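Please find the structures below.
Heads up, the next two complexes both have subunit A, just with different partners, subunit B and then subunit C.
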Partner chain A sequence: MSAISIRNLSKSFGDFTAVSHLDLEIRENSVFGFLGPNGAGKTTTIRMMVGLIKPSSGSIEIAGSKVAFGEVKTHSSFGYLPEQPSFYGWMSGEEYLRFTAGLFGLSRKEEAQRTKRLLALVDLEAARKKKISTYSNGMKQRLGIAQALMNDPEVLILDEAVSALDPIGRKEVLNIIEELRKDKTIFMSTHILADVDRICDDVAIIDQGKLVIQSPLAVLKEKYASPILKVDFTRDPGAAVPELERSRWVKKVEKSGNQIRIWLQDSEVMESNIPLKALAGFDIGILSYGLTLPETEDLFVELLEKKR
Partner chain B sequence: MLIIARLTFKEALRKKILVAAIILSVLFLTVYGVGLHYATNTIEQQTAQGVGRGMDNGSIAGADIMVESSKKLLILLGLYFSSSIVSLLAILSSVGVVSSEIENGIIHAMMAKPIRRRDIILGKFGGYAAMLSVYSALLFLSVLLLNYFIAGAALGNVPLLIALFIIQPLVFLAVTLAGSTAFSTLANGIAAFTLYIASAVGGMLEQIGAMLSNDMLVNTGIVTSLLMPADAIYRMIASLVTNVPGGSINAMFFGPFGAMSAPSTAMVVYAIFYLVGFVGLASSMFSRKDIG
Partner chain C sequence: MSTIGVLLKKDLMEQARSKKVIILAAVFAFLAIVSPISAKLLPELVKSLSGQSGIVITVPEATFINSIDQFVKNISQLVIFVLIFVVAGAVSDEKTRKTLELVLVKPVSRTSFVLSKFAAYFLTISMSFFASALVCYFYTVSIFESFSLVNFLMVAALTLFYVLLVIAATIFVSTIAKSAAVAGVVGLFSSFVFSSILGLFSATADYSPGCILSHYPELIMKGWDAKFMPPAALSIALIAGFIIGAVVVFRGQEIER
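Up next is the complex of A and B:
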């Protein structure tokens, strides 16, 4: 059964179509990466999912309940962390969570219990009495996750949960998401593709409001990504790049310092030894040579380029 | 709704604009109190000199009316500027009540919770209304107490006067709240402030029109009162405060601070409907708004 089902969802602002006929199915208890370049329509889609924006057409179901703009019935079945969450700076973290609990109509006892548990989960116990205005970005993001979990939702919707964080903050938040994936469906938009590699089961890529592809990440990598040959030279291989780019077995070449990455037309070319022979012909010492697995970033760029 | 009202009340108390309003109000009350003291002394001295020069009974009665009217004028002066302070406080404190929370994203997480948009608006109105009501009542009472202790002037019907006085900032609050759901904070601030100025000028024109018996000016004031009834409510207060023997002579005496052209009770009813209407409009617009 799908935890989230989006059908034929569209949103236009005047003449501009932000999201166009989007269909998505998100499996229960999966971590779903919602990818796309800036302005692709990710945040608009999420805001329609959580009831902030009225869809022009289409339907959304979350945890079996249909989302209807203006109706708050479904708001208990999901938790939502907005992009760059903001808080009342004069409140403490604990006060904010208690306020959030009040919005769900929890009893005083439940309010206290859940606040305590969530502060522990996001590691903000020590800072619970401090004003939010004194929190770091990472702490605010963790508080944002805590407020999204107040109702113990089946589905957690995170909009760019880690994009604005430094590496330590990112790691902390990703660790929390890893913890939550055990019993929740997590829908997260991001443009940090290394994070997608780390935690996502399934991904969808949208561009200019339209779905490019939706697939389990592993299948996507296997099906669509070209194998990449990574070669480290002893010196700058600049002169070799144009010649490699002209080769029939090469799709694309990227150079970075003494390293080049060669996108192969297919993996069978490796068996023919053609690449090694070609590289040897350049008379530049080779330090290392090997086929790498494509990263989501490579895949992302390739799919978008193909579509455009 | 109550949880939003509580939050908004707390939020309103923490705003710098309230602190500024309190400081300015204390300054205003101090200046007003000093002015009241010297004005009262002068009035009493001149009255005593007049009596000392051997005025007849008719002149003494006339002098009593003048003293009484002068004291009422001083009360009106205090209430007029207090009205301005609470009206401006209502505008400035609530100008971004919805728009700034959309702009900075605070409201996004809240709106994804099971709370209706209508309740958010009503809660926000309730929170600010509570703050403004307490503040307005205290300021009103401060003006009355200064007059009582310094000038020995007392008013009747104080609860009614306070209730009317509180309606003024609430009317501005309702309009500003509605504007905040539709416009940016800056645009709403400019619009609300312009409305405040228009209301004050319209009220003045109506009084001048009544003094000059110029129907055009009076009608201009009436139309302005329909667009923004806050000044008309002040005129209602002025009319109740200046209810001293002497009729139109006294009304003219109070100049633009008085109520030569006193509004009818229907205007108070209109102001209440106006207030409720704008809160309803705010709720309706916010309920249909895309929060981007």
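Up next is the complex of A and C:
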């Protein structure tokens, strides 16, 4: 059974179509990466999922219940955290969590127990009495995770939840997400592809409101990503790049300092040492030479380029 | 506790922490004390000034009616502006600060969200207003003479209906508008309409919610009259209309980033 089912979802704002005929199936207890360039329609999709905006057409089901704009019956089955959550700054972290517990109708005892447990989970016990307005962005994001977990939801929906954080804050929040993946379905949009590599099982890429692809990440990498040859030179290989780009076995070349990355048309060329022979002809010392596994970022760029 | 109870508790806490309650209490306390004092001292001040300038001005002796006059005028000409300023951001501030997002994705109906805003402000304003009215009454009685508490409370109740009507109109606009400033301006305009404009036309004058602002001496002296029923009923109907309107508008509103 799917934890989240999105069928033929569209959203238009006047003449602008933000999301167009989107279909997604997210399996239970998986971490799902929802990717796309800025303005692709990720946030619009998520805001329809959590009932903040109304779809123009299509349907959304979360944990078996249909999302209906203006109704709250699905709101107990998910937790939601946006990129920069806004809290009542005059409350303390503990007060906010107790307020959240009240909205879920928890008893006083449950409220106290869950607040204590969640403050510990997100490492905010020491700051629990401080006003939220004095919290750092990382602390606010951790509090955001705690409030999203108050109802122990089956599905956690995170919209760029770590994108605005510094590296330490990101690491802290990702560690928490990794803890949660054991018994929850996590739907996260992000443009930080290293995070996707680290924690996602499945991904979907959307562009201009339309689905480009949905697949398990590993399958996607195996099926779509071109092999990449990474070569480090003793000096700047800039002069070699135009000639390499004209070679039939080369798809694309990227240069960074003394390193170039070559997207191969086919990994077969490695068998006959065609790349090595060509590189040796440039008379620039080669420090290292080898195929690398494509990263999600490479895959992302390639798929979007293909589509466009 | 029900969801609306949780939201109401939060809204009341917010009023307390943001000092809005203190502002309201201070304004109403000022109103309660200054109205009788100014009614008492104004004629004496005028007398003393006329003596100094050599011009003789005959000033009638101040009575408790002058104190009530000050109380009602201060409400309609001064306090109402402060109240509009305080409530203008009731819903629009939550939208601009985006604090309502994390609330509305919980099992919280939009109806409860809006109703708690009305309830919180109605409660605080009504309690502060009646406390102030009672202080004003007893202070007036102590420095002038005794008069009917029941009649005074009827004046206070009708005045409060007018105040709550303007507050309801302001919160309604706060639900529609994206900024508190727009809600404030429309709230001020509504106070002008309800206190003055409706009274200018013979067809609407008898129903004008602000009629109490000019007819209070009659109610104080003679007690309840059926002619006060239409404005009271219209005020209550309009308040209910603004609340229902705010709920309907908010239920259909998309919350954009």
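Just a few scattered comments:
Assume the second predicted complex is superposed on the first by the 308 of 308 C-alpha atoms of A that agree within 3 Å, B and C clash if a C-alpha of one lies under 4 Å from a C-alpha of the other, contacts with A are read in each partner's own complex, and residues count from 1 in each chain.
FYI, a contact is a pair of C-beta atoms (placed from the backbone, for glycine too) under 8 Å apart; a residue touches a chain by one contact, two chains touch by 3 or more.
Just so it is clear, the model here is predicted, and its values are computed rather than measured.
After superposition on subunit A, the partners subunit B and subunit C collide with one another. In the superposed pair of complexes, A:52 makes contact with subunit B and with subunit C alike.
Contacts of A:100 after superposition: both subunit B and subunit C are touched.
Once chain A of one complex is fitted onto chain A of the other, the partner contacts of A:242 are absent, as it touches neither subunit B nor subunit C. Once both structures are placed on chain A, subunit A residues 47, 50-54, 70, 72-73, 75-76, 78, 80, 82, 85-88, 90, 99-100, 102-105, 144, 147, 151 are touched by subunit B and, in the other complex, by subunit C. Interface residues of subunit C facing subunit A in the complex, by the touch rule stated above, are 1, 3, 6-7, 9-10, 13-14, 17-18, 97-99, 101-110, 251-252, 254-257. Those residues of subunit A lying in contact with subunit C across their complex are 43, 47, 50-54, 70, 72-73, 75-76, 78, 80, 82, 85-88, 90-91, 99-100, 102-105, 144, 147, 151. By the touch rule above, subunit B contacts subunit A in their complex via residues 3, 7, 10-11, 14, 104-106, 108-117, 287-288, 290-292.
Here subunit A touches subunit B in the complex through residues 13, 44, 47, 50-54, 70, 72-73, 75-76, 78, 80-88, 90, 99-100, 102-105, 144, 147-148, 151, going by the rule given at the top.
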